[in-house]
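Chain naming follows the written order as A, B, C, D, E and F, and within any one chain the residues start at number 1.
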Amino acid sequence: REELAEAPPPSPMTDEALSFFCQMNISEHAGPKGQIHLKGMPGPIFFAQVRDLVAYLKSPERDAEITAIYVSDMGAAQNWREVGHENWISAESAHFVIDAGVAGGMGAPEIVPFANAGAAQDFAARYGGSIVALSAIPDAAALAPVDLDTPLEDPA
Amino acid sequence: MGEIVLNIENAGKSRAALQVLDGVSLNAATGQRIALLGHNGAGKSTLMKAVLGLTPLSAGRISVAGSAPGSAAARAATAYLPEAVAFHKSLTGREQLTLFARLADCPVAQVAGYLDRVGLSEAADRRIGTYSKGMRQRLGLAQVLLGRPKLALLDEPTSGLDPISRHELYAIIDEMAELGTAVLIASHTLTEVEARTDRIAILRAGRLVADDTLENLTLRAGLPTRLRIRANGDAAGRIVDATGGTRVNGMSVDLLCAPERKMTELRRLSAMGDVVADIEMHPPRLEDLYRHYSTGENH
Amino acid sequence: MGEIVLNIENAGKSRAALQVLDGVSLNAATGQRIALLGHNGAGKSTLMKAVLGLTPLSAGRISVAGSAPGSAAARAATAYLPEAVAFHKSLTGREQLTLFARLADCPVAQVAGYLDRVGLSEAADRRIGTYSKGMRQRLGLAQVLLGRPKLALLDEPTSGLDPISRHELYAIIDEMAELGTAVLIASHTLTEVEARTDRIAILRAGRLVADDTLENLTLRAGLPTRLRIRANGDAAGRIVDATGGTRVNGMSVDLLCAPERKMTELRRLSAMGDVVADIEMHPPRLEDLYRHYSTGENH
Amino acid sequence: PLRDGAIAETLDLAAPGDTLRLRPGTYVEKTLLDKSVTLDGGGVATLDGGGQGSVVTITAPNAVVQGLTIVGSGSDHESIDSGVQLLKGATGAVVRDNHLIGNLYGVDIHGAHDALVIDNRIDGRQDRRMNDRGNGIYVWNAPGAQVTGNDVRWGRDGIFVNSSKRNLFSDNRFRDLRFAVHYMYVNNSEVSGNISIGNDLGYAVMFSKRVRVTGNLSVNDREHGIMLNYTNSSEITGNSVQNGENRCAFLYNSNKNTFSGNRFQGCEIGIHFTAGSADNQITGNAFIANRTQVKYVSTRWDEWSMDGVGNHWSDFAAYDVDGNGIADTAYRPNDVMDQVLWTQPAAKLLLGSPAVQLVRWSQAAFPALLPGGVMDSFPLMQPAPVSVPEFGGDLDG
Amino acid sequence: MIRRILAVAMIEATITRRNRWLLMATVIMVLFAVALTLAGSAPTGTLGVNMLTVSVASMTTLSVYLAPLLALMMAFDSIAGEAERGGLGLLLSYPVSRAEILLGKFVAHLSALAFAMIVGFGVAGGLAAVQGGVDAASLVALVRLILTSILLGAAFLALGYMLSALAGSATGAAGLSAGLWMVFVVLYDLGLLGAVVFDAGGWFTQTLFPWALAANPADAFRLWNVAASDGVAMATGLSGAASALPDWVAPTSLLLWPVLALLLARYFFERLEP
Amino acid sequence: MIRRILAVAMIEATITRRNRWLLMATVIMVLFAVALTLAGSAPTGTLGVNMLTVSVASMTTLSVYLAPLLALMMAFDSIAGEAERGGLGLLLSYPVSRAEILLGKFVAHLSALAFAMIVGFGVAGGLAAVQGGVDAASLVALVRLILTSILLGAAFLALGYMLSALAGSATGAAGLSAGLWMVFVVLYDLGLLGAVVFDAGGWFTQTLFPWALAANPADAFRLWNVAASDGVAMATGLSGAASALPDWVAPTSLLLWPVLALLLARYFFERLEP
């Protein structure tokens, strides 16, 4: 897309970064993170879970025009807990594992992004789920009500 | 004299501090042509508007063909030419006249004839906005002809008309009068009015100061006749001495004398024998009468 | 003859299908009073508007005091009295005239004087909406006096004016002319114009068909002089037979003769001896001239 | 005894059920209550932890800490350095009437069951950034813990409760914090009668079920007065949120909750629904003078009334011709223009333009045009009264 | 009498056509109606509501604003202007009564207005129908909209004549007309709303208010259109008031207004001195 | 030149006073501004801004409607009417250029408008200040509102002259003015709104839209007032969005429009044959 040419670079994750919806510090939580850059705003808005980022994208609400979307590359993450501060990849090019039954940093079922399709397949092979592109993530994966009693796996 | 068509009794009209009309009484009978004279602001137009019922009077009463002014009957009996004719400029002459014909209950087929009569046949289908001033006046004239009015109120009808149309106009007025219309003409063109009207009414500051035939007015005014006496040879000096006249370019002497003294003077001059080569007699003209009545001056 | 103030060369103006002006050439020099005559719709007002630069010409050129019409210089040199004066009715006469004085760069202190001059001092502080037609015309006149125009364009200046104001008007025109203003007067009142102008121009359907002094026009027109011969006794019949004139009310005979034949006819009549009791000579008047030039008819 | 270590020595001697009354003064030492004793500062004694670890640690059941001023905890988040730490085993422990000043955490109820934290005053740290501060009261896996009548100021969250159940947090006052009350993974608990003033967020309930939030007051909280995040089957009743700079109430992926009898007043947004929040019942609330009363982007209709009772809307100039207290016509807080503005931020430039007002106006006259959203078929003419603690208005006392 | 009224009407119709009022009014109507229909269609497209109903609903509100506006604009000049230009005196010297002149103008202007309404709403309605289908009910609503709009226009035409006769000058009449528009279309309702809010469901709200509402022709127009169409009625802020009134009130008000206003116009016209 | 402009301006001012336009405009402004301020005071709640700011925000919207309307109403008659009545020919025979006449009228009408604005907004602002306090920022916003309203009025005055010169008749000019008002104040934005919704965040919305918006004087006015004051932006709900354009764009547009429109008016006035 055209605006990618002028897209701002990803911001490193800091300890101050608050998750957009729940106002909690994302660095304190495990699992993949996301950030969305909006036109006219100094910094990106962060998401403690990729699921929430996708929910934001799927919501018709817009605070401003989106200029860039980044998610953590879990292939480049040290482990599930230490996702890394700099390993952002463009969400448009990422491979997402859905329905893996894994819990994100906040505890909701997570959508797990990878830069590398192979890494994604490895993850899916281990935890289940399927691999899709950003635009193909079904609404249910991000918006469906979450039954808190459903047990989820905490990946390593 | 025919039937009285217009009867104005003691009409008065005040506007703010101004007494525009003051005790005006005037009658017009069928077939009469009456000139209404007066200086600017004397109240001529106001009087006409009052007769039309456009302006209510503050005193007195008016009846038009036996009806109150402004009543349907009165309006059916009246034709009016305003002093400032204004038509809707986006209509053509024919359309405008057709409207009036319809309102006056006059066959629309006659419209073309009337337009021709006032010399507008060529311009009939052009918009009135493109008419010259005189052409608009002519259109105004044409609408006066519609129907068979018992009373025509013409407010400065010749204004804007070219000399030939003026003659036409007076021909039209004569024709209307002959057909029994009483015509009231407010005008400032005394020379024309002089010859063409039966009676002359003069307003001065809202009061009617004269209302009679030209002859009677002349008589009543008692204005002097001017005698111009041409002297034979160099007798002019002698004539001046004898008559008390004023010398005019050497050879002639002008003498003003009141009507009742005219014959006396003539006899005295005749008696002077052949020093008098010629005598011209200039009776007072309407202009002098007008000056006399309308200003209240005495010469 | 003074300096040329107005120079119209070959002016042409077409409006839709109409040729309103067609090759009109006319000059006016300082101090000249020129009458502009013509039937309704001949193009007089259009010519004036063209001189003012209000209406662009389609052909020819005009210069006013050496400038193009409508230029600031030309407008500064020109005074104009429109045929239909219209002022804002909610202003008083004094306010309106003051505006014009300011625009004409004329001391505002003089406004009162001009209002007095046209007889409006009493009405000066009333709204123009309450003025009579003649009063509005007078106000129009007052604004012509402002400044010292080199050229005055008066479009039917006497329309609406009462007889006394008319005299005033011509006095004013004479005064302006004496002070060097070239005055162009479009008018239909021939009697007034006849005596008061230096030159006469006649438009016919947009073409200038005459432009000269009254005498020259008369000469050139070659209109017949009317001789009225009063017969002695019952000799009228004989005179008719001899001259080919027309009998008028029994006793008199009217005979039209061309200028060059006038003396011949006179001699012949003299030779007839005492059958001829009296001869009156009526040379053609402006009205006849106008008829001749403006209609192209020959009587 | 004022010597350092004096308390520890005395405690060694004490028997369960004893009460230790401290003499006035400051005791610089860390205290471990591993017996069921009462440590009473009488309002005049100060315990100073010396900047290492927790000042008082309780491991014994039914121990009581009261009347103390407690300062000088360590600064380690890893070990949760606190003024008072109630560890597993401290069942029924009571922390009462203490003044905890500048500790990383005020009270940490860490695995202790049925603990009581009552009437303490907890002034957290102001020196660090919000992130690095600890919570006023941290409750972790402490079923039955009750936190009541405390006054918490500064620090991170007033009460942060994580993975717990059956807790009661009532009648506390929270100021100058991040969240007043923060729930994570807690079920069957209650928050009632608390006051939250000028915090980032008032009452945040996340990943929890069956929580009752009732009779609380939120004043001048910056982000949200009440937030439900992945929270289901909870009851939010009789709360009052006033003058929130952002939202009075915010729901994100929260379902089957009940909002009733609340008053949401003077916020930028009265209540905001986002992604996948459904089946919530909203009745009897009063939405007063919020700039946007409801923000709910939806293409389907959501009825906000039950059994003929809806909510009160201060911006709804309605007629009640029959005088039954219920407006004669339905109320729809949002129109097409709102939807356009929420989804097309660029169109905000047109705000205040007559064109926008024309659209709004015709929408207002003919809401049949609306593309879905909230509808209240039985709007209340008058707001229902709420009973929340008085907010005295003294922000410094 | 009819003949004279028609004569005046024909001339006025010619003038209305010549000075492009007919064109203007029609263009304005078409533009607005179509713009509103298209603008409304974008976000409502997914709703599955009959487009024509939606369009008619929007256009009803539009008409509350436009019909009075266009009517007043056509009317404000027609007496004052003619008096100012001087043609009125002459016209009144003819045996045509002022009432007839008034009616003649009324007929002509109302025809022009009706033409503009029919074309404007017709085109927009057609567009909506093409895009989103028609049913009988929505067609009836469209026809009702057009007819009531013409009635509303008639009321304001007559009010415009009244002001034109009152004002003395065309500019004055323009100003008064603008004021009248504001009062009837905006301020009146604002005042009533204020009173209702202040009254808080008391006597005024329950008894006087619906009648006061119906007394304003613009509101009567709205009430009529709303009450007559089930779909819209329930949804509108006016339905409460509408149902508080007998069915005949709003139509009666809207039908009475033109008559009443014409009588008023005639009264003031009779008093005018040209 | 200045002398002549002032002479024309003085006369126009007298006329404006005599035909009660000045009074009308002032009364309308005061009524509306005060009504809006009083009505607005109740439900806005605490936005962290004071009453005056809230009042200024509402009055900004009001001014978008009223300033163009009043300006057009003052302007529409001033050339066409005078030409129609016949006074223009005489005036133009004087050594005063059409530009000077135009400027004279402009000065007079603008003064009248400015008077109405200052009184109207001043009274309302004072009221708001008395009720809810003032601070420097809100006072500045009020002054800015008044000044920009005058600028907006100036633009539409000049546009009104243009139409008046174009139309040929006063009624025609009235119609055109109504059309122009509709286009600039309503239709233009409606079109843009439609385009934005239709475009759904595409190229048009991102690049052209803000500029297209600022190109309309009515929108430029709004943007300027909103963008320049945080308080007003907040009270309008526009905060953030206004920053889509560089700061200078809206003021430049609003300052250019009167000049541009005057030039246009002059162009058409020059071509007018009285």
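To be clear about the criterion, contacts are C-beta pairs under 8 Å (C-beta built on N, C-alpha and C of every residue); 3 or more make two chains touch, one makes a residue touch a chain.
All figures in this text were calculated on a predicted structure; none of them were measured in a lab.
Engineer: Quick one: which chains contact chain C and chain E both?
Structural biologist: B, F
Engineer: So which chain is the furthest away from chain F, centre to centre on CA atoms?
Structural biologist: Greatest centre separation from chain F goes to chain B.
Engineer: Taking CA centroids for every chain, report which one is farthest away from chain A.
Structural biologist: Between chain A and every other chain, the largest centroid distance is to B.
Engineer: Averaging the CA atoms per chain, pick out the one whose centre lands closest to the mean of every protein CA shown.
Structural biologist: Minimum centroid-to-centroid distance belongs to F.
Engineer: Approximately how many whole Å separate the CA-defined centres of chain A and chain F?
Structural biologist: Result: the chain centres lie 50 Å from each other.
Engineer: For chain C and chain D, let me know how many angstrom lie between their CA-based centres, rounded off.
Structural biologist: Averaging C-alpha atoms per chain gives centres 100 Å apart.
Engineer: Which integer distance in Å separates the CA centroid of chain E from that of chain F?
Structural biologist: Here the centre of chain F sits 27 Å away from the centre of chain E.
Engineer: Using Cα averages as centroids, what's the distance between chain A and chain C in whole Å?
Structural biologist: Each chain reduced to its C-alpha mean, chain A and chain C end up 97 Å apart.
Engineer: For chain B, what residues touch not just one other chain but two or more?
Structural biologist: Those would be 84, 90.
Engineer: Chain E: which residues touch two or more other chains?
Structural biologist: Within chain E, residues 19, 36, 39, 43, 84-85, 169 contact more than one other chain.
Engineer: Got the chain D residues that touch at least 2 other chains?
Structural biologist: 339-340, 344-346, 359
Engineer: What part of chain C is in contact with chain F in the complex they form?
Structural biologist: Of all residues in chain C, those touching chain F are 49, 52, 54-56, 72-73, 75-76, 78-80, 82, 84-88, 90-91, 95-96, 99-100, 102-105, 140, 143, 153.
Engineer: Any idea which chain C residues touch chain B in the complex?
Structural biologist: Residues 15-16, 38-42, 45, 83-84, 119, 123, 130-135, 137-138, 156, 158-166, 188-191, 287, 290-291, 294-295.
Engineer: Provide the residue numbers of chain E that touch chain B in the complex, in ascending order.
Structural biologist: Per the touch definition, chain E meets chain B at residues 3-4, 7-8, 10-11, 14-15, 18-19, 82, 85-87, 89-97, 273-274.
Engineer: If we count contacts the way the header does, which residues on chain D are in touch with chain A in the complex?
Structural biologist: So the residues of chain D touching chain A come out as 129, 131, 178-179, 184-185, 200-201, 204, 206-209, 223-224, 227, 229-230, 232, 252-253, 255, 274-276, 278, 295, 297, 339, 342-346.
Engineer: Residue numbers of chain D touching chain F in their complex, please.
Structural biologist: Chain D reaches chain F through residues 243, 245, 265-266, 268, 288-292, 314-315, 340, 344-359.
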